[in-house]
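Common to both upcoming complexes is subunit A, partnered first by subunit B, then by subunit C.
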Partner chain A sequence: MRWFWIDRFEQFEPGRRAVAVKCCTLAEEHLHDHMPSWPVMPNCLILEGMAQTGGILVGQMRNFTEKVILAKVTKASFLRHVRPGDRILHEAVVESISEAGASIRGTVTCDGQTVAEISLMFSHIDQNLGGMEFPEENFVFHEGFKLLLDSFNIRDDAADGDASGSQQK
Partner chain B sequence: MAMTREEVFAKVQETLVEALGVDDDEVTPDATLTGDLGAESIDFLDIVFRLEKTFNIKIPRGELFPDNILNDPDFVKDGKVSANGLKELKARMPHADFTDFEKDPDINKMPDLFKVQTIVNYIETKVAG
Partner chain C sequence: MKFALIDRVVELEPGKRIVAIKNVALAEEYLQDHFPAFPVLPGVFMVQAMVEAATWLVRATEDFAHALVTLSEVRTVKYQSFLAPGDQLRVELTADEIGPVASSFRGKGSAGDRVVVQGKIYLRHENLADLPGGSADLDARMIERLRKHWELIGPAR
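And now, the complex of A and B:
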């Protein structure tokens, strides 16, 4: 089972940009302790949302055949808190991609305000072995994950940029 | 109009400051990327991406930072780069200075070939062409 942190894609332009939604809720148990009496989403989880948004965007560019791993946080600036009830948008834009990996520039917003600016690098780890060998099976984008991706309507041919399918926005 | 060597260096310096989070006075021509500036493997890809944007050039894989040399048994023997390996490296890295490395081609010293000046030399060939 793969851990999904983002809720769904609002927009998906293959090879260019993606916008994913994450709804913050007090039902998330970690918020009961972070912080006591003043729940706020940990910044590392805001970063995780961008890593998932950008990672799926990059993975789709090679039809999910590469093992795409977060390799470097190039930039991470956090400008405001995210609290239960907030609905945040992760926008990832592809900056560069090669055989070896990719970089994205990301912005997180809530109600039109900038929450964070996050830039990341991803490695296609099979192309960066450095003497290491990884399992042949794609443990990043495995079959179960791809089936779940179908619910996002972004596999292979979602070229119209609208990843919401028949859902209402 | 072609860029001067100083202009190329200034842009390379700026690129490395942003990619590696170092101070600009640390980025001297002789500074090694890994030893002096703390670059890790993924940083090399970051540097390539940034150089492509900064200079509006395409850097084919392995051209600036050759890979797979150390995996070839013909090129490495007993922890040292063989004569064949050295020949191959020189052919693939005409932008690097091998003066020190040739004296003791220990594979652990290979990262010292990747200096700031190595990048500047490479970029000069790209922007001139």
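And now, the complex of A and C:
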């Protein structure tokens, strides 16, 4: 299993909100264990998809210089199952940002139905050391990740609202 | 990968409490992405280890009455530290309530004397016969596989 729980951005409004897509497919190995004979996407991975959508939205606000990590799941409610063939949308909206971190509120939908409601807090960990040890380099938004962000087309001046539209310029 | 976030159950009191272990190993593929220069167990997998421990406590309590026991809500999960390859996560779940179709738990994860995560989780208990595309036959087959998995990870008898 790799660790990419969104496939691409559909909308990206810097500092405000982002919408990312995740397609759920039977080609994903873990669905054959979860669950045996009735594949269903683990809700913790829906949570991670929102953390990745919100984390990139928050990271972009400091031009990906901060190390943004998930600090708290304030609340997450899961209302229906996501199964192979489903295409879910993660919409994250920035609630607040400070030197120490940021919070987002998210909604996950599938075919217009609400799948989950998720509120998260992120830490800019360089500002909140708290005895934790980690590398000095930005291990979250590393070079390989920035290449992937380029393909998402949301870096710097590319981030002008409609991620899919700006890709065609 | 096999989607199994519990390696072993070390303590079990049906209806009340479960303690289980998840070892973190560099052999796990997803750690190369999270993160290449700093492999650590993703926070949502700490939650998943707590969820799986809680689901096994439900199954042990109600003798596998439901095929599908899934996460319905997470409240105030706080992360305090990282877990690196070589660390052992010990999750401890205490049931607030295990009802017929839902349950709630307080959970804590630690590695040695470090608390790394704590929070509350809520589960929903369902049978496939009650869901679109499901059937009692599917329930029976899934429960049989879950019982076999429990023989692998359940507490030594």
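As a convention for this text, the second predicted complex is superposed on the first by the 156 of 169 C-alpha atoms of A that agree within 3 Å, B and C clash if a C-alpha of one lies under 4 Å from a C-alpha of the other, contacts with A are read in each partner's own complex, and residues count from 1 in each chain.
FYI, contacts are C-beta pairs under 8 Å (C-beta built on N, C-alpha and C of every residue); 3 or more make two chains touch, one makes a residue touch a chain.
Since we're looking at a predicted model, the values are computed, not measured.
Peer 1: Looking at the superposed three-chain arrangement on subunit A, would you call subunit B and subunit C a clash or a fit?
Peer 2: fit
Peer 1: Once the two structures are overlaid on A, work out the angle subunit B-subunit A-subunit C from the Cα centres, in steps of 10 degrees.
Peer 2: Roughly 80 degrees separate the directions to subunit B and subunit C.
Peer 1: Examine A:Arg62 and indicate which partner it touches, taking first as subunit B and second as subunit C; both and neither are also allowed.
Peer 2: neither
Peer 1: So, does A:Phe4 touch the first partner subunit B, the second partner subunit C, both, or neither?
Peer 2: second
Peer 1: A:His30 contacts which: subunit B (first), subunit C (second), both, neither?
Peer 2: Only subunit C; A:His30 stays clear of subunit B.
Peer 1: What is the contact status of A:Asn128 with respect to subunit B (first) and subunit C (second): first, second, both, or neither?
Peer 2: A:Asn128: touches subunit B, not subunit C.
Peer 1: May I ask you to decide whether A:Arg87 touches subunit B, subunit C, both, or neither, giving the answer as first, second, both or neither?
Peer 2: In the superposed model, A:Arg87 contacts neither subunit B nor subunit C.
Peer 1: Would you check which partner chain A:Val140 touches, where first means subunit B only, second means subunit C only, and both and neither mean what they say?
Peer 2: second
Peer 1: After lining up the shared chain so the two structures overlap, which partner does A:Ser103 touch, if you call subunit B first and subunit C second: first, second, both or neither?
Peer 2: In the superposition, A:Ser103 contacts subunit B only.
Peer 1: Is A:Glu95 touching the first partner subunit B, the second partner subunit C, both, or neither of them?
Peer 2: After superposing on A, A:Glu95 lies in contact with subunit B but is clear of subunit C.
Peer 1: Mind telling me which of the two, subunit B or subunit C, contacts the most residues of subunit A?
Peer 2: C
Peer 1: Scan A:Thr74 for contacts with subunit B and subunit C and give back first, second, both or neither.
Peer 2: Both partners.
Peer 1: Using only CA atoms and the superposition described at the top, report the least gap between subunit B and subunit C in Å.
Peer 2: 6
Peer 1: Would you mind listing the overlap between the subunit B footprint and the subunit C footprint on subunit A?
Peer 2: Common interface on subunit A, subunit B vs subunit C: 71-72, 74, 130.
Peer 1: In the complex, go through subunit A and note every residue touching subunit B.
Peer 2: For subunit A paired with subunit B, touching residues are 71-72, 74, 95-96, 98-101, 103, 121, 123, 128, 130-131.
Peer 1: State the interface residues of subunit A toward subunit C in the complex, per the touch definition above.
Peer 2: Contacts found on subunit A: 1-4, 29-31, 33-38, 40, 42-45, 47-48, 51, 69-78, 81, 130, 132, 134-135, 137, 139-140, 142, 144.
Peer 1: Provide the residue numbers of subunit B that touch subunit A in the complex, in ascending order.
Peer 2: Interface residues on subunit B, with respect to subunit A: 19, 41-43, 45-46, 48-49, 52-53, 61, 70-71.
Peer 1: Show which residues of subunit C lie in contact with subunit A when the two form their complex.
Peer 2: My answer: residues 1-4, 29-30, 32-38, 42-45, 47-48, 51, 67-68, 70-82, 119, 128, 131, 134, 138, 141-142, 145-146.
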